[in-house]
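Take a look at the structure set out below.
For reference, chains read A, B and C in written order, and residue numbers begin at 1 within each chain.
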Amino acid sequence: MFEIAQTETSKRYIKVSGGYLMVLRQGDPLFPYLESLAKKENIKSATFSGYGPANVKFGFSDKSTQEMPAKEFKNIVLVNFNGSMAWDDGNPSMRAYGVAAAENGQIIGGQVLEAIVEGGSFEIRIELMDKKLNRIHDESLKAKIMEIR
Amino acid sequence: MFEIAQTETSKRYIKVSGGYLMVLRQGDPLFPYLESLAKKENIKSATFSGYGPANVKFGFSDKSTQEMPAKEFKNIVLVNFNGSMAWDDGNPSMRAYGVAAAENGQIIGGQVLEAIVEGGSFEIRIELMDKKLNRIHDESLKAKIMEIR
Amino acid sequence: MFEIAQTETSKRYIKVSGGYLMVLRQGDPLFPYLESLAKKENIKSATFSGYGPANVKFGFSDKSTQEMPAKEFKNIVLVNFNGSMAWDDGNPSMRAYGVAAAENGQIIGGQVLEAIVEGGSFEIRIELMDKKLNRIHDESLKAKIMEIR
């Protein structure tokens, strides 16, 4: 859905102790940048956390339907965004949650499905883990789960 | 109150850079697993953070009574759960806070007193600290505090 | 605005794996202690996260006016406080966000402009980054941004 602009040349992350610091800018979509980092840097697995202003699509689980209805919020500030990076059938697999404040003071939270920086910069620290981890479907949980063994 | 089932044999955590990654499953109680990790792995002290679906008992401080009334919420998603592990008279001592989203969009937060995974998996990254730390009663604060010296 | 009391002699932080653990006490202002740490320990840059009871001044961005109106809340619990430390023209530059629970169950969040510990202790883990980073004004964003290159 969101793509990283082909013309984009300025740096979005640097190597720091234990992982990376990503600084995204106005209009940057979070997940494509995180996925791109995972692939370019051959990340085995990682956790991440950050904050900043964004337009966000949150997912809210609905047990009655087993679906995840989504809701979009514009011009909110993700005051905490955290999650993990693993792999799913060779592709980066992100799981992320967040809590955000709207301009009117309303607080919103849930699983973060999409997010685009809106109004300044968004900082994310990525902390590497030294194990290659996959998210696999678990039949008993009826959900994808990080495989540890 | 909550116990780890004796029959449970599948792995719940692995060693990763700087600490551990814990992946809990449907029905797993968070604190007993964290306490068990602290004891089994002889953890000196640590901080941790994670997220996932859970039934949670939150504590809310009430200054007028110096008590902490608790409230339970079912089928919520802890979008951020963070805290620290130390020791109190030889036993693991956890202090943890969280913020959660309910299915109806309501946001809840406070000290996390109990939590059980409900509806999938819960990921927690534990980051070790290389100092043995105790929580001790501080008379002037009338509270337990992490002792640093 | 807030100052660290000259008479204060007890320790507020210790060195731990990858950075520092700060334990603040009743009446301690968060940012002066973080800034003091940055200067005394010659920190290049860092991220931090923590929690605890506090009086907090939150900022809420208002795009229509390009201003950040602030609101103070007393006796709330910051259930997550996270941010980064960099430098701005030789001075420590902090950017921090938080989400808090009030005694009546209300949840509040936003950029944290000021905070003073109120009612016990506040724990903050500071995780160092091995790059000296500056926050510089970016004309196209009309905002200060962490400079990475």
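In this section, contacts are C-beta pairs under 8 Å (C-beta built on N, C-alpha and C of every residue); 3 or more make two chains touch, one makes a residue touch a chain.
Predicted model, so just to flag it, every value in this text is computed and none were measured.
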item	value
Numbering shared by both copies at the chain B-chain A contact, with half separating same from different	different
Angle (degrees, nearest 5) of the CA superposition of chain A onto chain C	120
Centre-of-Cα separation between chain B and chain A, whole angstrom	23
Chain A residues counted as touching two or more neighbouring chains	18, 49, 80, 99, 107
Touching residues (chain side chain B, partner chain A) in the complex	11-14, 16-18, 21, 23, 25-26, 49, 51, 53, 75, 77-80, 99-101, 103, 105, 107, 119-121, 123, 125
Sites on chain C touched by chain A in the complex	18, 45, 47, 49, 58, 60-63, 80, 82-84, 95, 97-99, 107-111, 127-131, 133, 138, 140-141, 143, 145-146, 148-149
